[in-house]
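Listed next: structures, encoded as structure tokens.
The two complexes that follow have subunit A in common; it is paired with subunit B in the first and with subunit C in the second.
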Partner chain A sequence: MVETSQTESPQPLLRVKELSKSFGGVRAVVAVSFDLYPGELLGVIGPNGSGKTTLVNLITGLVKPDAGLVEYQGRNITGWMPYRVARLGIARTFQMVRPFAALPAFKNLIIPLFSPRVRSLSGGKYGDRDSVAKDLLEEVGFERDSSVTYKPAGSLPHGYLKRLELAKCLALRPDLIILDELFSGLSIAELAGILPIIEKLLVGGTTIIMIEHRLRELFRIANRVVVLNYGRVIAQGKPADVMEQPDVKEAYLGTE
Partner chain B sequence: MLEVTLIYGFVNSVILALVALGFSLTFGISGVSNFAYGAMYVLAGYVVWILMHKLAIPFFAAAALSVVLTAGLGAALYWFVLLRVRGMVLSEVIATFGVGLAILELFRYLGFTGFEYTLPSFTDGSIMIGSTYLDYQRVWIVGVGVFLAVGLYFFTHYTKLGLAFRGIAQEEKTALSLGINSDRVAGISVAFGSGLAAVAAILILPRGTISVNEGYDVLINAMAVCIIGGLGSTPGVIVASFIIGYAQMITDTFLGPHWKMIVSLVAILLILVIKPSGLFGKQKELEERM
Partner chain C sequence: MVVKRKRKERIDRGIKARSDDIFALTSFREMLYVAVPPVLPVLLLLVLPLVLPLYWKKVLISAAVFALLAMSWDFIAAVGMVSLGQALFFGMGAYTTGVLDHYAGLPIWLSIPLATVIGGFLSAILLLPVIRLRGVYFSMVTLVLPLMIERIIEATALFGGTEGITGIQSFPNQWVEVYLVLVVLLLCLFGFRRLMTSDYGLVLKAVSDNDRAVMSAGINIYWSKAQALFIAGSVGSFCGAYLTHVYMFVGMPAFALDYSILPLASAVVGGMGTFAGSVMGAMILVPLSEALRGVGGLRTVIYAISLVVFIVALPEGIFHYIQRKYHQFERWVEVEG
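And now, the complex of A and B:
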């Protein structure tokens, strides 16, 4: 785990300031602010419907904010189209897995591997994408050259689809990965397989935001957490401290 | 008699597939129903004619230029018209149909009707299959039709743009999040579809005269094939083309040529009642709602 304090790197990688979004009369995200420093793993938690996924959509451009600011590497990216955000190196997974169902699993990775970002990072060459794709799948726990690699993504079991989501992100060679409930629906064994991958990413210097309901696993690896309730930040700080706060206890106990 | 029906039915089926491929490709990728498709087809024919007769450009150069111009017009249609109403299906249909109407009726207004508006065949002459004569133009149609169908398969399975096309078609949000500019890809898809309409026109129009009304017929045929095959499905296009192609040929032989267009319309009605998502359609929600 990489410990990064604010004094070491005063420049946040991502800065979210007073971000707000309403859908009709529902205030999904209300004046949310937080900073994210390079190498950090930030957990975003909160009850269902507290605005976590909307927050991710606002950062990555799938939803345009009503107000507020998103800054990445000091650049204002508020309201940018998702493909431009992705090209800057922000990758995300979806809570409801969204594979390219008709393409074989490894071909799913060809699409991010073709992005201009990957080409510029690898010196103007794409290389042998099929083999890069298979390497990436192996990295997230597909057995090398097993039949699942070649099956249409739509036919894969849930655990593999979650890994595939992660692999698609990795293919972009991102600096910031946003994982929207990556752990949901995974068995304990599958979790045990996927946690080390995330720890390895952190060691490699990747910055991560994790939206997660499985708090025990999240708290093992998170440096800080932000707690949302009804679209507002009700607490942020170290996992253990945050969970002691009465607001947070109430938000969780009140809904469960 | 049977031999003629078989051979000409086959050619007719390939013609339908050629006409429908572009419409289907555009819809399959971007979900845009390009109702200006028939107008693009006719326009491509007139452009070739104008280039040849007014600017004295040789046929094959004029044909190539026409394909490029029509594709460019498709891109312009996307950027200047469709982009503004993107996501509102009815508005997309009305906007593209309006543009198509304007193009077709402009040609009528300018007086582009008459027997002199014809395109030359690629090669003159004919071959014998059994005891049936088949002119070389129809051989060309079959050859290019098969080539395009196979080429499109390889394009969508093995090239960067093709994979991006399929990615957008299957999961636009994921593709966007992975750095694909879906508006650009959708624009290219409309351009590509329009270019295919031009290729179809240049192959098919030499069989008769170019007429404004053919624009409407082409649109109905392309829609019939796509609805019956399942919108956006390439295998569906091929199978549906053969079903309608032979049905039309049999109707033509036994009832008379006026009934040909009825076949397409009845086929649309039947499939919408029996299986609204089409033979190969994946839009199951359409089924569930029915």
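And now, the complex of A and C:
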């Protein structure tokens, strides 16, 4: 019975309705709406300055919306503080990777591992945070017990910093992960290393939103995409269909 | 053409490498190398009151109080809150103990601990509305608050107004007096150093590093900051409560600018972020200021110049400088380029 009700009318994990935000005169996000279902990977694409990162900030609470609604698991979380959003199980990466530079890489994960969410998920105990942190780093592709794990995060190469960002998300044991341009600046080899991790997360039932410029890689794993331009949703649907639409072509390639 | 230049190279001493992070030390010399830096200053501090004349004992007390205030400054600075108003913490503790002593008649061994906790609590509450302010904006408020409270006490004649409260109990004897502050100083020093390397301390430091990332990791940074303010406020309040019982008086000077500026100067001169630097800075600046009393009118000028010299010559702070010299040696090498 439960299964049929899920397949017939699944409850969206995240529902964004008419979300809007202006900075001064700039309308960064204009009446954006979309639903996100459990286990999905939703791509959010659009040209630079189209409001993708602002949209993430609105969902995660770093920026308060002027109007609109964000619902997570049926609960209205519009304008909640970022830490409360994170405690519900929404984790995010930042486009600009800024690790806690002076700390060794694995110690960077102590911060999310210190959050009350982790304690309540592990039955009121934090456990040995250091070893959990090292396990998480291994999960995102830090070689076990390699010296990289112990190096100050500030000295890590870009590829490792991106993985560290991902590990920081995973530390929260999230239900929804929002990845803000995780692939940017990664080499093909590094991408090949990080894609399986994301696919594994999907198999494990995690729901993911990816803001991405690297469309080819995104389309390989995305179920649906939302295209933003000047803060508005100009198209959404299956990746292949969306790219056929004239509006999208125009936004990406310019008018002919 | 290849140009030869000279460059200074810093290299860890062999003994540092041998004794670093290794718990099975192989020689007496290595054991000393590890043990001397923390143990020697502690012993020195504990022996000093036995040999110093009364006047310099009082200077030591004052230096210890400023060292505590400097550590309290250093602690919240590490959490990203640069305070220009340690006098707030100091004054809160001073007046709380004064009121507990004068109006409630509490004994000294109750009034000081109570004032430490209540003062810390009140300080945190007062700063709670501005806890979201960052950088200079937070600093400005901390600068203004103690000055404002001073004027309020003057205008409303609260707790004795300009007269203050006199006749507060003193310590039973000078040994209790001097060793109480020294023991608290050492407890705070090692306590703070330990705290900052714990996971809790890591989270606090991360708040000043990148508060958005910490929030997104599910941590309520405002609650963390409030806790830090309470801890720093308690340390500052202890200082106020302690000196109130030493002077047997509390009045408006408890909120004076001295208690804000000197701790800051001590922490900067000594080396920020280490706590030991704060102690070192206070132990140099306070006695220096006393020693200059003989100079007369130019005292402040000379004091100011020596402050500038310290900061220009050793911008990293005395503690970091000594630490570096202890662990590393330098040599000039020729490089091409």
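Simple rule for what comes next: the second predicted complex is superposed on the first by the 245 of 256 C-alpha atoms of A that agree within 3 Å, B and C clash if a C-alpha of one lies under 4 Å from a C-alpha of the other, contacts with A are read in each partner's own complex, and residues count from 1 in each chain.
Here is the rule we use: a residue touches a chain if its C-beta (ideal position, glycine included) is under 8 Å from a C-beta of that chain, and two chains touch if they have at least 3 such contacts.
From a predicted model like this one, the values you see are computed outputs, not experimental measurements.
Engineer: If subunit A is used to align the two complexes, do subunit B and subunit C fit next to each other or clash?
Structural biologist: clash
Engineer: Determine, under the contact definition given at the top, whether A:100 touches first (subunit B), second (subunit C), both, or neither.
Structural biologist: Both partners.
Engineer: May I ask you to decide whether A:91 touches subunit B, subunit C, both, or neither, giving the answer as first, second, both or neither?
Structural biologist: both
Engineer: Identify the partner contact of A:114: answer first if only subunit B is touched, second if only subunit C is, both if each is, neither if none is.
Structural biologist: Once the two structures are laid over each other on A, A:114 reaches both partners.
Engineer: Once the structures are superposed on A, label A:60 by its partner contacts, choosing first (subunit B), second (subunit C), both or neither.
Structural biologist: both
Engineer: After the superposition on A, what does A:81 contact: first (subunit B), second (subunit C), both or neither?
Structural biologist: Both subunit B and subunit C are touched by A:81.
Engineer: On subunit A, which stretch or stretches are contacted by subunit B in one complex as well as by subunit C in the other?
Structural biologist: Comparing the two interfaces on subunit A, one with subunit B and one with subunit C, the shared residues are 60, 62, 81-83, 86-87, 91-92, 94, 98, 100-103, 107, 110-112, 114-117, 168, 171-172.
Engineer: Please name which positions on subunit A make contact with subunit B in the complex.
Structural biologist: Residue list for subunit A touching subunit B: 60, 62, 81-83, 86-87, 91-92, 94, 98-103, 107, 110-112, 114-117, 168, 171-172.
Engineer: Name, in rising order, each residue of subunit A that touches subunit C in their complex.
Structural biologist: Of all residues in subunit A, those touching subunit C are 60, 62, 81-84, 86-87, 91-92, 94, 98, 100-103, 107, 110-118, 129, 168, 171-172.
Engineer: Could you list, by residue number, the parts of subunit C that touch subunit A in their complex?
Structural biologist: Within the complex, subunit C contacts subunit A at residues 199-200, 202-203, 205-206, 209-210, 212-221.
Engineer: Going by the contact rule at the top, pick out the subunit B residues touching subunit A in the complex.
Structural biologist: 160, 163-164, 166-167, 170-171, 173-182
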